[in-house]
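Lettered A, B, C and D in written order, each chain numbered from 1.
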Amino acid sequence: MNTARLTELILNLGQVIEQNRDYLTDLDRAIGDADHGINMTKGFRAVADKLQAVAPADPAAAMKTVGMTLISTVGGASGPLYGTAFLRAAAAVAGKADLGRDDLLTVVEAALGGIKERGKAELGDKTIVDALQPAAEAIRTGLQSGAPTAEVARRAAAAARKGAEGTKEYAARKGRASYLGERSIGHQDPGATSTTLMLEALASFLEG
Amino acid sequence: MNTARLTELILNLGQVIEQNRDYLTDLDRAIGDADHGINMTKGFRAVADKLQAVAPADPAAAMKTVGMTLISTVGGASGPLYGTAFLRAAAAVAGKADLGRDDLLTVVEAALGGIKERGKAELGDKTIVDALQPAAEAIRTGLQSGAPTAEVARRAAAAARKGAEGTKEYAARKGRASYLGERSIGHQDPGATSTTLMLEALASFLEG
Amino acid sequence: MKKLINNPEVVVEEMLAGLEAAHGNLVRKVSDANVIVRKGSPVAGKVALVSGGGSGHEPAHAGYVGEGMLDAGVAGAVFTSPTPDAVYAAIKAVDSGQGTLLVIKNYTGDIMNFEMAGEMAQADGLQVASVVVNDDVAVENSTWTAGRRGIAGTIFVHKIAGAAAERGDSLEEVKRIAEKVVANVRSMGMALTPCTVPAAGKPNFTLAENEMEIGMGIHGEPGTHRDEIRPAKDVVQHLMGKILPDVPYVKGDEVAVMINGLGGTPLMELYILNQEVRAILEEEGIHTYRTYVGEYMTSLEMAGASITLLKLDPELKGLLDAPANTPAFHQR
Amino acid sequence: MKKLINNPEVVVEEMLAGLEAAHGNLVRKVSDANVIVRKGSPVAGKVALVSGGGSGHEPAHAGYVGEGMLDAGVAGAVFTSPTPDAVYAAIKAVDSGQGTLLVIKNYTGDIMNFEMAGEMAQADGLQVASVVVNDDVAVENSTWTAGRRGIAGTIFVHKIAGAAAERGDSLEEVKRIAEKVVANVRSMGMALTPCTVPAAGKPNFTLAENEMEIGMGIHGEPGTHRDEIRPAKDVVQHLMGKILPDVPYVKGDEVAVMINGLGGTPLMELYILNQEVRAILEEEGIHTYRTYVGEYMTSLEMAGASITLLKLDPELKGLLDAPANTPAFHQR
């Protein structure tokens, strides 16, 4: 995947987020402060403007632009988390002109590492991690199994969705929803859901 | 009418006001500040307590108690107006042990004079005056015609009601409703209505 | 009715108790009357300033009792003028022999009750003068009606006449200055929602989800008209369009501005209004000397705001700048 | 959505413009960032205090910028922590070389964004320390969760650490004092109505006409439970029942009290709550040293209130008494 394709993909992620703005916000209304869709949409709009303005030189530069822009425009919890994720992903593939099949894992694992480090959440805390970590595992096993990259991405998206839906089963231990204690049970985590939506968009993009 | 009967009448007026608390307040909601029934009920409750406590010596003392109590508990526009009315009525029959047929006119005219002096309203300004002045006139002509006192009171109440209902036809020029200008047209004046209710209670009392 | 109260019948008494508990260093309550007076009243050698009105407009008026403003604030029932007895009790508690100025908002009830109290005090040999504030341009001015209402502009009377009294001006002089403020102050407000008088239990009017009331009174008296909700800029333009030509306020004038919240409108929105007001004043070449943004004269939980302009001259500027130290108004 | 705004996308920018217009004598806005700093910043020789958070809590935090309190207030989008860039811009604008203390409310987003900003400033060679306020006893305290939220108690940190910085204390010392306040301050709130984030356009939760939410967060985070609306006395008893045993506050203690309105609750009701709080404190033998009643940390137009207690010692008393002069907090 070259810089142009990656840029196209990123714009795509932004569109999917924007289409789900109200859905994500409603999820956050139940157990948070009703702004996750608003925050993410704002961030990805700024990303689209920025990518247009800077025309990044390579994939790492594109992802760094995404990370910096999310950090400097979103605020809240999701801004630094997703921002850090993209910055780490960028660092992990620095200097490459084209991203190959194996870079999928590199990028997603780096993103996951960044989020865990920044947010200190573990699997089962009802956060982004609960979608992204199973997705990373699905990518690892998928790549090993020799399945086509698009197919691997689809499995990752499915694993993320399963993880996100699974967040309904337990109480939050990180982020704003943790204030609710047991009352957060029954509700799906907004951040895990936005991660899932982005991975689904990635799968469709690789398929399409 | 001796002091005991007059006291009974006054308690009666208070009950009628209290029964019409919400109605008077609703009239005031349309063109004022939604408190006329509340104000008057509060005042007459205090009057009932006070009359019980002081046991007035004569009719003038009873009416003076009403006036002082209304002034010191009601506030707003209606407190000083009705309060002054009762004080003037008391002064007009000072020293009498019993009120006779002609005292009806004396009392009502004194009350009217007090209200006009205190509030500076004239007929047609959409105030208490628009009920009380026709009532006073009806009493004058009724007494002259030789009709029984109860019948005279009934005619006065009817004249007051006609006056109160007539307030719907024109705009207020005094009191809070005057801020509305033409928008007060179509609404019946709360104060003219409370005056009417009291005169109707008087008529029933004299009949019953 | 969603209210944090115990019993509608005693809201005023309980409020004053809570106020005295909070601000006992500045004020005290007069026993047996709903009157808050400056601590240490009467202040020897000083003309006393007494104001008041119905409750539900907090911090008006008890919140303005203290150094450099009022000597007493009289609290009537919610939205109901206080009784003459209460006003009389206030005068008696604060008159130091230099006389008392009553600051009355122009409502029939307030006028009558304050006047009766003034007569009672005069009968005791006290010197009493009064000034009537009628800053609300939403109401047509006419000698045939009760005239314009007194609204948030009243706070500027408290501040400026209060400063004059504090520096030792005579009753006559304090009254002259108060009248100068009245002559130069104009306001107009609007509401997005009604409010509920505790004893009434239901809202004093209704507005559709997309409606606002322009020219609203602070007791929920209907305004000049209803309109669809518009952007803050348009709302300010309309209100300023009524206020500016009234004194008039013209190029080269210096003004004090008050953006007053009616109770339910967040400070965020008041600052947005202020920004629009400032833009218009700059365009008109009118200089803003001081700005006050906050809740100064409220209507319980009503959402909405009023704009007040006061035209200043060197005398008024000096008095406006003077220090004040009251529960709701501090300036050094 | 009934709001006096122009456009949900620029409410924060327009609000700050209106605030700067009103209080230009005390504060100024940093260009290109939603940051309000004390006029004349950086103040030579003084440790800087920087706080901030999502907007919609006005007067927090820009309203507390000025002499004796904050050097900068950073305004995020409504209910959204500001970005690291904005916080970094604030630090750069106010650091005088004596170091900066960040006062952070305990929300995941605030913590992360402020920490990232601190790292950026440290990379520039600036000295940065931070303190996290977590006064909300409605939230169970646990090392397994994000922990307790920071709410109105934060204002006491601004006031007291601000006074320490103003008198010239070192960064280490200002931080120690701020942490002492955090250790001794507890709050809890409740709501009668929701509020509407301008960009969302609809209320963040719903409550039936007879319902209230106990333990509500200031961003509309659900509280501990819902209950039928009860008299003010019962509400206060419940909240105090959670707050008192927490530090704990006991017989013989001296406290500062804050009765904080969330935006839509009239001052009248806040004073009624204060009266109930005072009654309980007196019964417990706890002495009230100072009381603050008003809107200090709001949630847009939400109706409701929070109660904050701060246990005092001679050091904290002295600093609490120190003068302050900011748009929303004046004391002499």
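Basically, a contact is a pair of C-beta atoms (placed from the backbone, for glycine too) under 8 Å apart; a residue touches a chain by one contact, two chains touch by 3 or more.
The shown structure was predicted, so the numbers you read here are calculated from the model rather than taken from an experiment.
Considering the contact criterion stated above, no chain is in touch with chain A and with chain D alike. The minimal number of chain-to-chain contact steps leading from chain A to chain B is 3.
With centres computed as the average of Cα coordinates, no chain lies farther from chain C than A.
The distance from the centre of chain A to the centre of chain C, with each centre set as the mean of the Cα atoms, comes to 54 Å. Each chain gets one centre point, the mean of its Cα atoms, and the points for chain B and chain C are 32 Å apart.
Each chain gets a centre from the mean of its Cα atoms; for chain C and chain D, those two points are 29 Å apart.
Touching of two or more other chains is recorded for no residue of chain A. Looking at chain C, no residue sits in touch with two or more other chains. Viewed as a contact network, the protein chains form an open path, each link joining two chains that touch. Across the assembly, chains come into contact as A-D, B-C, C-D. Here chain C touches chain D in the complex through residues 2-7, 11, 14-19, 21-23, 55-56, 58-59, 63, 192-193, 209, 212, 229, 231-233, 235, 257, 259, 263-276, 278, 288, 291-293, 295, 298, 300-301, 303-305, 325, 330-332, going by the rule given at the top. Interface of chain D with chain A (complex): residues 54, 76-86, 107-109, 112-113, 116, 138-140, 144-146, 149, 197, 199-200, 204-205, 217, 219-222.
Of all residues in chain B, those touching chain C in their complex are 25, 29, 31-35, 38-39, 42, 71-81, 118-119, 172-176, 178-181, 183.
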